[in-house]
Structures are given as structure tokens and as C-alpha cells.
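Take a look at the structure below.
By written order: A, B and C. Residues from 1 in each chain.
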Amino acid sequence: MNMQFFQAFLDGTLMGGVYALAALGLSLIFGVMKITNFAHGAMMTVGMYAVYVVSTSLGISPYIALVFAAITLFALGYIIQHFLIDKISDAPTHNQLLLTLGVAYILENGLLAVFSPNYKTLNVDDFDGAIQLGAISISPEKLVAFAVVLIVTAVIYIVLYKTRIGKAIRACSQNKEGAKLMGIVIKKTNAVAFGIGALCTGIAGALLTPILSIYPTLGETFQLKCFVIAILGGMGNLWGALISGLIVGIVESLTGYIAGGSWSDLTVYAAFILILLVKPSGLFGRSNRREH
Amino acid sequence: MNTKNFNRITLTALLLVAVLFPFFADFYILCIGISVLIAALLGQSWNIMSGYAGQFSFGHAVFFGIGAYTSTTLYTMFGVSPWLGMIIGALVAALVGAAIGFLSFRYKLRDDYFALATLAFAEIFRILVNNTSALGGATGILIPYLVKPSEYQFASDKTYYWVILALVAFATVFIAVMSKSKTGLNLVAIKSNQEAAAALGVNVLKYKLIAISSSAFFAALAGTFYAQYYGFIDPSIVFASSISVEAIVPCIIGGSGTLYGPLLGALLIIPLQEICNSLFTSISGINMIIYGVLIVLFIMFCPDGIYGRMTKYISKRKGN
Amino acid sequence: MPLLSVQNVCKYFHGNKAVDDVSLEINKGEIVGLIGANGAGKTTLFNCLTGYYKATSGKIVYKDKRIESLKPHIICRMGIGRTFQIAKPFGDLSVLENVAVGAYNKCKTKAEAYDKARQCIIFTGLAGKEDTNAGTLNTGEQRRLELARALATDPELLLLDEVMAGLTPTESQEMVELIRNVKDQGVTILMIEHIMPVIMALSDTVYVLESGRLICKGSPEEVSQNTQVIESYLGKSQEA
């Protein structure tokens, strides 16, 4: 096989992992609250800046600063759900969608106001250059990012499947009325679920910070990708989000390699519309949508 | 009868103020007036499809951009007057709208999923134009400024103001007539419940397509005006998601699905943004923060919008 | 020749037979009742008849034309009107406008449509409510509005899905009268109903559905004495 092709494949897989984590958060939020979170990208950017600020001001490794970003984002998500979205939980879906859009504008432009639109680059000295395996070179930042994604995902699964709050979240995502009858406090469960969703996207952002130059609207690009992945995997389907994250990463990287960078986004969006039209329940079956 | 007369007099007075406004405004204020009217036109466009017919668009930039690019390329490449280009652009946008609508509605996309699809379509158009060198690519197109009224170029900003005012008036009259017609009733019925509408013989797909096409038509008019007024377009401006949002916000604040709501919304939001921008010149993004805060506040506390809340209040008082 | 003939219609959802080999006939001028427990497939059958679901197999013939793959609005224009089990008023429109949506089906001009709508509003006893916002009506009024809208489309066959649901006894009595009046206008009616006295009072023929299958057909008296029906349906409802 062509080595460059393999290189593109590998890069795509590693980036796909990061996409998958962010999309996992989006899918979780949709699964529980039935809300398409338009603030997802902005929350990711908040994660990026959190790492940037903590890492540069304290002079610590971004991978330690990541913990701080995770906590911030969890709190942010919890607050957004608890104080805003929960108050209009009976409103039509497009109002909830708009509310998250409003939040996105506040976050994104808040960052813009504080940090200016200039690109910021984090210099990482944890590694000394790319790892060379024959003709293949692997960026250590991407490799670490992928490893962290695996760890975080595992932890989230343990939380969702082994802890009480996790079980409550899953119960709410399957049947809200039933969950209420079982004595689950919906309000708190929703807020925790939103917090975890925000934490996922925040960590994804944090992991991208050493790889990319960051700016306040960077998250927007990733947001649409998250929608693509979450819908491809079936909104609310967490395993689906992980697998489609990898698929999107790889497809994007390969089309970039074959046809040039700007066409890779186009392929992803075109595929997205196709999926929406033909199989809105995603690649892996059942949908969360109403019958009809 | 009395209220009808009163309404008529108020409306005439307001229209008169709007027409005579350029004579009392300095250059800066006039520019803001034009921005208000562009937002109002976009808002009215969104209002038709999303306010009245309930099909939530998140990608109105696609129609705005098509309007801007159609008239501009026809003008710079083939010398077609942008007046004609504006009509052609609007028709092209209506066709594209019908195509997007046909695909989406045919496959029964609704709510969030439809909104996401419109967003993706707008992105696709942005990337396509960005990569088409014949259309200027990412650098965009500069429109030569020749000051020829026959080519949609005027010496005075006053004239630009009257042109966009006329377009807004056109859109508003269109909506006024439509909302009282069979089409208007059917659109609102579809918004409420499309199954029930179909049971009453309403061809749901057809009326949704009418809504998206006419909505696209007006957004494209705004696009051409924007191109002619500013003299420069590029994909990241006219296909930007911020344009899509600018179509939504006046409706949310004024009241979507109401005739005057988007006008009122635009009249409030744009000057407010300008004031904030001039107060906090050193901070970028402050105007967009205002957008965000207003969206959140209105959605949470006044989801009918100001005009919508007013009319509901009045009709309730009448009812009692 | 029957006005509507349903021949071996089946509707499956993911392998579940919601409607299983149902055949029935409705003659012009009749009121036909359709009864059965919850989940027996009554509403699913309605949805097949009115184009909301495409029947998995079988034929639906209305006035000599196959209609099983037509869209709901086309079926409405052919003369089949329907109401919904859960009333679906257009909340942003007035009562008059709600009914006008239906009236535009056959009327060419606005004046004609609004005239027709007013007649239907008076006929269903909603006179005086024309300018009320439809979202503010009470349950009884919403039921009447459903009926007024469906009548405004000028149906020859009217499908009523539990029009009595949620009504007080007095309102039910008035609704029974109203349905009789509709019939007297020459409209044929197929109605789903839970309340046995209503079915007994109104129907010429009754069909009984159980788990998607027709288990009995006959006059109201015959059906109410059928042991299978008593066991599977009436017995259960007495328990409940």
C-alpha cells in the first residue's frame, strides 16, 4: 500500500478519535435532553482556551491543564442546563435550539472580547519531534490525544454503566416518564448529563490545543463535524458516535489526501446531507425520532 | 372601524417617517438605517418560511449568498445590469430553495434535522464558491464603482436607503397579502400540525415549497443589495453563518410569524449593536455578545417576541 | 356497489401485525362502527385508509378507484374526510380560519370558502366562536371544531376517530345528535368508538377488531350478543 495513503489513514484515525469524543458528548446531550446543542463547538473552544490559559500562566504541561479544562466544562454544562435550558424544557424544540445558539454566541464572543481574534499557539515541550516509523511519521501530540480519548471514553462508560447517576442518565435517555416514576430526579440528572457532554467536548478541545493554533471561532468548524458524526452514529447512540467519529476522521483525511484539503469538508457535509435524507436514524439502526 | 382607521393612520405616519428619514440623518445614522433595513429584509424572508410555515431554517445565508453572487457575476463577467441580476438571482435562489426543500421535505426532515440540513447546505455552497476560481474563490469579487443608477450604483447613500426601503416594503406587503390568503392559512396550519392540514386537503409538500422558495427569493434580494451597496463580496461574508443568524434574530426579538415583528426586531437590535460597538470600541465581539444575550433572554422570557406579545395581550383584552 | 371497500389489508410495523387481513365494506348512507380494545389496530386502519400509512398489502377501493398508495390530501380531495383521536386545532388561527382551511378544499374564492366555513361552524354548534383563537377552545369545542373542519372539505365519507373521547355525558349526547344530522346531510360515516351506547345508538353495522383481525361483523344487536366479542372486548371493558 502507498505509504502516504497509510499516513493519511493513520492521521485520520487519530483525529477521528478526538472528533469521536466531542461527538459522544453531543450525542449524550441529545439522547438525554433531546436537544441539539448548538453551543457544542463554543464549549469546545472554551476547553481550548482553558488549557491555553492554565498551561501558559502556570507553566504546566497542557495534559495536566486538561484536568482543569474538564472541570470547568463540566461546571459550565451543568450551569447551562440547570439555569437556562431546564427553564424552557416545555418549549418547542427550535426554541431550545436557539437558546443554545445564544449561549454559543455569548461564549464565543466572550472569548473574542477577552483574547482578541488573534491565533494563539501553545508551545509544547513534552515531546521531541515526531515519531518516525519507516516512512510513517506520527505526531506524538495526536498519539497522546488518542490515548487520552480512549481513557476518557472508558471512564465515561464506567460512569454511565456502573454508577447510580450514570444509570439514572441512561434511564432518562430511554424513557423520561418511567425514570420519573422510579424516583429519579430529572432536573439534576439532566444537568449532570449536560455537564458530562460538555466535559467530553471540552477535553476534545483541550487535546486539540497542542496540535492547532486556536482562535475564538475555531469550535464552529468542529461543531458541524460533531453533528455529522452524532447523526451518522444515530443521535443518542454513544457507541455509534465513537465509531462514526473514526469513520469521519478517516474519510476526511483520505479525501484531503486524494483531492486536497478544502474538498474534504465538502465530502463530509455532502455525506451528512445524504445520511439525513436517506437514513436519519444513522448507520446503526434505531432512531430517537418520532414515528411517521 | 375605529381601530382600523387608527392603524391606517399610524402606518401611514410611520411609512412617511421611514421615507423622509434620510433628510434628517447624517451619514453615520443613515448607514445604520440601511443596516436595519437589510436585517429587516432578511428577517421578513426568514419569517415567511420559519415564522409562518414553521420550517426552521438555519442556513438562510445560502439564499443571501446566491443572490449576491448571481447578480455580481452576471454584472462583472457579462455586464448584465444588477437590477436584472437581482431578479435573476432571486429566481435562482427560489429554485435552489425549492430543490433543498424538495429533498428535505420529500424525505420528511423536520425540526432540528431540517435545521441541520439547511446549515449543511449553506456550508456546502460556501466551500464550493470558495474553491471556484471563476467566482473569485476565497478572495471574492470587487464590484467596480461606476455610479450609474441604471447599474444599481448611486452617488448618494440616500438612494441606497430608498432602494432597500422599497424592498422591505415589497416583502412586507407580500407577507400581508399572503397571510390573509389561502396560502397563508395553509402555511400556518402546516406549522401547527401538518398531519391535520393534510387531512383537510392541504398539499403539505407543495405549500412548504412555496414557503421556502418565496423566502429564498427575498433573502436573495437582500444579498444583491448587500453586494451593490458594499461593492465587495466573498464567500466567508455572504455565505457566513452569521448571515443566517441575522435572519433569525430580528424575528425572535420582534415576533416570528407576525407581520411587523421582524421590522421591529431589526429596528431594535441593529442600533443597539451599533451603540455597544461605539461604547466598547476596544473590545471586539461585543455586538455579537449582545446578540447572544438577547437571544437567551427573549427565548426564556418572551418567546413570542415584542410584537407577538403585544398582539396577544391586545387580543386577550378584547376577548375578555 | 359499496362506497368504500377494504380488501385483505395488512399493515406491519417491524414484523408486528397491527392490521391483519382486514376486509370490510361501507355502503352509501350508512353509519359503520368500528370497535375494539386499545391497540386493536383501529387507528392504524384509519391511517391506512386516509393515506398516512401505506398498507403493507391489500386493496382499498373508494368509488371504483384504488386509493391505498395515494397521499392524504389527495384522498381528502376525493371525498374522504377524517378527524383525529387527539384533536389537532391549528392554535395560531381563529376558529373561522381553521374551518376555512378545510373549506378551501372545494371552494375557489375566499368569499366562498369563508361562507362555507361559517355554515359548518353554525352546523356544528360553534356559532359565536368564529373569531376565538382555536388554541383556547375546551375539549368539547375542539371536538366540534375537528368535525366542522372535516365537514368543510365536503366529504362523502367521513372517518371519525373517537369523537366522544373526553366529552361529558351531555356533550356526548349532543355529539350523537350532531352525527345523526351529518348523516341526514347524506354523508356516509365510519366511526371508531369506545362507548358502546353510542355505537348502539348510531351504527347500522358494526365491525369488531381484535389484535389487528376482524373477529365479528353485524348489526349492533348481533355484535353485542356475540360471545367472542363479549369475551375479548366487552368483558374486558367491564372489568376496567
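Brief remarks on what is shown
In the analysis below, contacts are C-beta pairs under 8 Å (C-beta built on N, C-alpha and C of every residue); 3 or more make two chains touch, one makes a residue touch a chain.
Bear in mind the structure is a predicted one, so any value in this text is a computation, not a measurement.
If touching chains are joined by edges, the resulting network of the protein chains shown is an open path. Put simply, the chain farthest from subunit B by mean CA position is C.
Separating the centre of subunit A from that of subunit B, both taken as means of CA atoms, is a distance of 32 Å. Work out the mean CA point of subunit A and of subunit C, and you get 48 Å between them. Centre-to-centre separation between subunit B and subunit C, using Cα means, comes to 42 Å. Contact with two or more other chains is made by residues 195 of subunit B.
Residue positions of subunit A touching 2 or more other chains: 292.
Residue positions of subunit C touching 2 or more other chains: 52. By the touch criterion given at the top, residues 50, 56, 103-104, 107-109, 111-113, 115-117, 119-121, 123-124, 127-128, 130-131, 195, 241, 245, 248, 252, 283-286, 288-289, 291-296, 299-300, 303 of subunit B touch subunit A in their complex. Put simply, subunit B touches subunit C in their complex at residues 181-182, 185-186, 188-189, 191-193, 195-204, 257, 315, 319.
Put simply, subunit C touches subunit B in their complex at residues 50-52, 71-73, 76-77, 81-84, 88-93, 97-98, 100-102, 104-105, 110, 113, 132-133, 136, 149-150, 152-153. Remark: subunit A residues 36, 84, 87-88, 91, 93-95, 97-99, 101-113, 116-117, 216, 220, 224, 227-228, 231, 262-263, 265-266, 269-270, 272-273, 276-278, 280, 289, 292 touch subunit B in the complex.
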